[in-house]
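Supplied in structure tokens, the structure appears directly below.
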Amino acid sequence: MKKINAGLVGITGYAGMELARLLAGHPHMRLSMACSRAEAGKRLGQFYPFLESLPGSDVVISVFDPKEAARLCDVVFLAVPAGTAMDMAYDLLQAGVKVVDFSADFRLRDSATYEEWYKIDHKQQALLPQAVYGLPELYAQDAARTSLIANPGCYPSSVILGLYAALKHRLILLDDIVVDAKSGTSGAGRKASVPTLFCEVSDTFRAYGLPRHRHTPEIEQEVSLLAGQPVCLSFNPHLVPMNRGILSTIYTRLANPAMTLEEVHDIFSHTWKDSQWVRILPQGALPETRFVRGSMFCDIGLVVDPRTGRLTILSAIDNLCRGAAGQALANANLMCGLPMQSGLEHLAPLA
Amino acid sequence: MKKINAGLVGITGYAGMELARLLAGHPHMRLSMACSRAEAGKRLGQFYPFLESLPGSDVVISVFDPKEAARLCDVVFLAVPAGTAMDMAYDLLQAGVKVVDFSADFRLRDSATYEEWYKIDHKQQALLPQAVYGLPELYAQDAARTSLIANPGCYPSSVILGLYAALKHRLILLDDIVVDAKSGTSGAGRKASVPTLFCEVSDTFRAYGLPRHRHTPEIEQEVSLLAGQPVCLSFNPHLVPMNRGILSTIYTRLANPAMTLEEVHDIFSHTWKDSQWVRILPQGALPETRFVRGSMFCDIGLVVDPRTGRLTILSAIDNLCRGAAGQALANANLMCGLPMQSGLEHLAPLA
Amino acid sequence: MKKINAGLVGITGYAGMELARLLAGHPHMRLSMACSRAEAGKRLGQFYPFLESLPGSDVVISVFDPKEAARLCDVVFLAVPAGTAMDMAYDLLQAGVKVVDFSADFRLRDSATYEEWYKIDHKQQALLPQAVYGLPELYAQDAARTSLIANPGCYPSSVILGLYAALKHRLILLDDIVVDAKSGTSGAGRKASVPTLFCEVSDTFRAYGLPRHRHTPEIEQEVSLLAGQPVCLSFNPHLVPMNRGILSTIYTRLANPAMTLEEVHDIFSHTWKDSQWVRILPQGALPETRFVRGSMFCDIGLVVDPRTGRLTILSAIDNLCRGAAGQALANANLMCGLPMQSGLEHLAPLA
Amino acid sequence: MKKINAGLVGITGYAGMELARLLAGHPHMRLSMACSRAEAGKRLGQFYPFLESLPGSDVVISVFDPKEAARLCDVVFLAVPAGTAMDMAYDLLQAGVKVVDFSADFRLRDSATYEEWYKIDHKQQALLPQAVYGLPELYAQDAARTSLIANPGCYPSSVILGLYAALKHRLILLDDIVVDAKSGTSGAGRKASVPTLFCEVSDTFRAYGLPRHRHTPEIEQEVSLLAGQPVCLSFNPHLVPMNRGILSTIYTRLANPAMTLEEVHDIFSHTWKDSQWVRILPQGALPETRFVRGSMFCDIGLVVDPRTGRLTILSAIDNLCRGAAGQALANANLMCGLPMQSGLEHLAPLA
């Protein structure tokens, strides 16, 4: 079987690094192009010593050129900032190359919302109708039929999967949802900056971006679609002194305050019983980010408090794998006609 | 000036360790007795190498005996488990020794609530009326007149101080308070156990104790007193891969959803303007646990979200100093007629 | 192809946990038995949430019984303490089961040395001649012909691989070798103990076990064999506040102090040019433990200091994968007639 | 008693941050000037939230001007890069202000050695004779008589104190000294850079700067002076995923290989018996960086290995306090006629 050729634009960030790791073990896809203006000319194995001697390490980093990309790649992953990705995507699609965009450029169906939250003009609105929001549990069929994936944000992936069963089965009040999300520091990116230095993050804890983190409208868009009506919620990210992982603690009120943990657990378990990657933990068990480290799993724990009538949903993912590169790869698999889990199925978490 | 003699029962835990640190620098109080059954016979400086050559390091660890305590001490700190402290406190008070109890034995005014949440019979209910809940910002005057301090829990200290101004000024709805609290691992104590091993905590994040953590009734008791009516809230602790510090993110709804951040900030700032240890951060700033490390400060940040009508209060303390040993020392100072801040005033945070 | 059935005795430690991870992705071997007295009766996926839904998670933990092991397994991994493994190995071999022993029981060819350093009587000395020291780079051919593997210690794996080329090519003086080794905390095991609690390890650094760590004679045995004469060296382990990884900094003196880095680098590179897992870094580059995390790689960096005539060799491995479970799996592969790298070839480091 | 006025140039680094902490609790010295070009105009308490409400927090950050410094300060601490400090020091001394320089500009008595290792022209060689190398245990009397302190480097402080007794008493061979030093990440400074990002340091371990770290000649200068002859040694720094602390493991050979641990320990203990800050640990005990965190202590542990004839000395300090700001303050105290330990005596380690 001929291997699918994949390009990666934006090799220097953590999501790009993670994708290089995953592609090194993919049986049917290989890295054929890696782009970075700053690092052009280096072998990828030189830039990423962990990759040395593995598939992909001999690729020489180059400056992005859509024509060259079209010559070398069936699919290109864009791990570049919001605002930069949209035009690259246009050029690639024009050249007949499939695109998985890690940025937010095509995630929001309403370009006005994008412009309000990102303060960036949307120059490729015409592409929005064909962009598929690449959360496989919701949109796998659409992903298989498009050439442009808007790869979901890390926080939204954890929150939407966490809320899905509760929304589908109308278990909760829609006007009282609070998300307290905690992320490892890789989520802040790999740019030189003082606030993410080791000594500024280690042995400390803080919130950031309150109350207007950019993942808010993305979460609200998908939650509203699932709920069948507009939902406004409170999203509050925090920075954890760890490398990888997101735990979202989602506070909701039960529509029926008398509902028991057993009943809620049954509904969640039934909803996800055929899922490959969403694991509903046993009653009483709570998820931990280490148990999904380096994998595609989303672990969900449930708490019902009869004192307050609240259902608390805890959702854990790996922000770089499930929340970025792994999910991107699942989407690329779907677009390229491979099984969704190809290259991802043997990822036992590195606990 | 003659130094006050202080005893410490339960030297092997983190709160005891922190108290030994603080007493080593106290100008008017000194450690005169240190008790631990398991470590009896060792010099304290041998058991705690960090203390070697400092005041207190030559104290020989002994087995607790109330008569000996009465001979050696003006005040005794009990850093022993709930259920063990109550009888020790009785014996010490009988012998004329002042007591600061780190455990929950005297924190809850209603012994039935204590017995429900702690599953321990309360054998010293007669002492409850004289026990003062030792949060100095609320009860400093009472503390100066008693011989028995119920030293507050770490989480409750952060939450009650965080909510105080909002409750006093009736800014928030009382039936929709959710506390998402995050603690460093020293809060889990210094017992040999697998779940708090380095490799079980490092590079991971998890919630625990949901939905019935024992600090819940303590928080509700004081919040209800401040609100003037019973309050039931949701309290949700999480474990952070760091040593020290608590950040409590407190989600509330504004009674008046049109209230602005500026208005809320003015009220909080005015409420705490004469406080030595509560610092209201500037508008837009959020607290971090490192900025209070090793100190008595409680840093409070405020977020108002007009989209949701919510006021989010973020409160950061050091769980071992402000949340245990430092607060205990402030209470002991008050009971012994010293200035509240004696031995605590030069504690610049080790950021 | 029928899968090889593998048993694991001692599931609760970190090496056992790592082996469970690796077996979950092995194409030709599967976990058929998991033993632990303390956890018997639980499903493995219940005990290890990270494993849930993956191959092996449905195995029910049982108490070790050699007859049952013979019924269920082609090969058994013993992840039990030194002194316990030897008799288990005897019983399994008698029952026709291949054995990979993670303990030191069969590593030292001289049982007197074993007894001196481990203070344990060796009750299975008759098995020593057939035991193969399972460092594949040295003994792969022997491993393929035996039924009993003494799986190397984590530190020795890093040190022996680091020194190999220098010894083979007589580059260094044999009477002046100092190893300063640093290990992640998983190397200390998964037993409840105060010294390995998070708060006792985080944000601190210490040496331990000096000057008589038990891995010393194991290193000296293999180094002496490579050197062709007895070598006595200084081995000094340290504990790093990280989960995984070993970096050994090996200080040697060049036999020819005028030798250049380029010359040394050429010799090392040539020696290892066909190795799958030993990577000689480019001149000037130094290894980091993260670049081998979760993999079989041993990364080696070289420093020549003309001022002092010293060659410093830095060797990095993952202590749980290359230093324990992964290496054990390579040995089991060899014993069972599989390619050495089966199940290990797609382990791109989780950097 | 009138307070001494102290200025600090270079407020944004970790050493400057630590000095601000220490000055906040100094009974006889106060921060009267804080300089940083980048942060000029901010209140210090705004820039360093941990300092808010403490002495010094109201100082407004300014651009350095020697005349203004002379007006405001009795002594100025220079926490600026090597090469920048020398001219500032000249200007301040001309203006009659005492200077403590944190950089290396005045540490090396031989300007040629400085220029060789730092690749910077020395433009103030005339000041070298009056510069005192500010390790109080060696040069306290000189410090009391000068106006210019070359504050020692962090690594050298730990190594020189560790070796002092062995050199003074000629216990070791001078041609076989290897230092394997490990430092917390604050030692790498507070500049925005990718290699010191949290995710590049956490859960990994690496060496750096081998074999020509700039602290080498500084160590050799003082070791040679103590030995009475030129000493060339091997110095090898490593980066630890922790904030603060240095542990130097110093490998030496005993001049008399039959010397026992007891004999060596007696000599070290006797040498340091009157020292306020150097603590010789009991036989068998090894130092840990946490036991000196935030303090002036240098903890020394001793290992004698009769197998190899080696004496291994382990020396632990806090790199920011003893290794930079605290030592600087001790020197400033001496220059200003205060007791050396003023403002430093109640620094119990934050273990």
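Going in written order, the chains are labelled A, B, C and D, and every chain counts its residues from 1.
The working rule: a residue touches a chain if its C-beta (ideal position, glycine included) is under 8 Å from a C-beta of that chain, and two chains touch if they have at least 3 such contacts.
Quick caveat: nothing in here was measured; it's all calculated off a predicted structure.
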Chain labels contacting chain A and also chain D: B, C
Per Cα centroids, the chain farthest from chain C: B
Separation of chain B from chain C, taking each centre as the mean of its C-alpha atoms, in whole Å: 45
Separation of mean Cα positions, chain B and chain A [Å, integer]: 39
Chain B and chain D, separation of their C-alpha mean positions in angstrom: 35
Of all residues in chain B, the ones touching two or more other chains: 184, 202-203, 241-243, 287-288, 290, 293
Chain C residues touching chain B - in the complex, by the definition given at the top: 14, 184-186, 190-194, 196-203, 241-243
Chain C-facing residues of chain A, complex: 17, 21-22, 24-25, 46, 48-54, 202-203, 276, 279, 281-282, 285, 287-288, 290-294, 297, 299, 346-351
Contact footprint of chain A on chain B as seen in their complex: 176, 178, 180, 182, 184, 202-208, 210-212, 232-234, 236, 238, 240-245, 247, 249, 251, 286-290, 293, 301, 303-305, 307-308, 310, 312, 314, 316
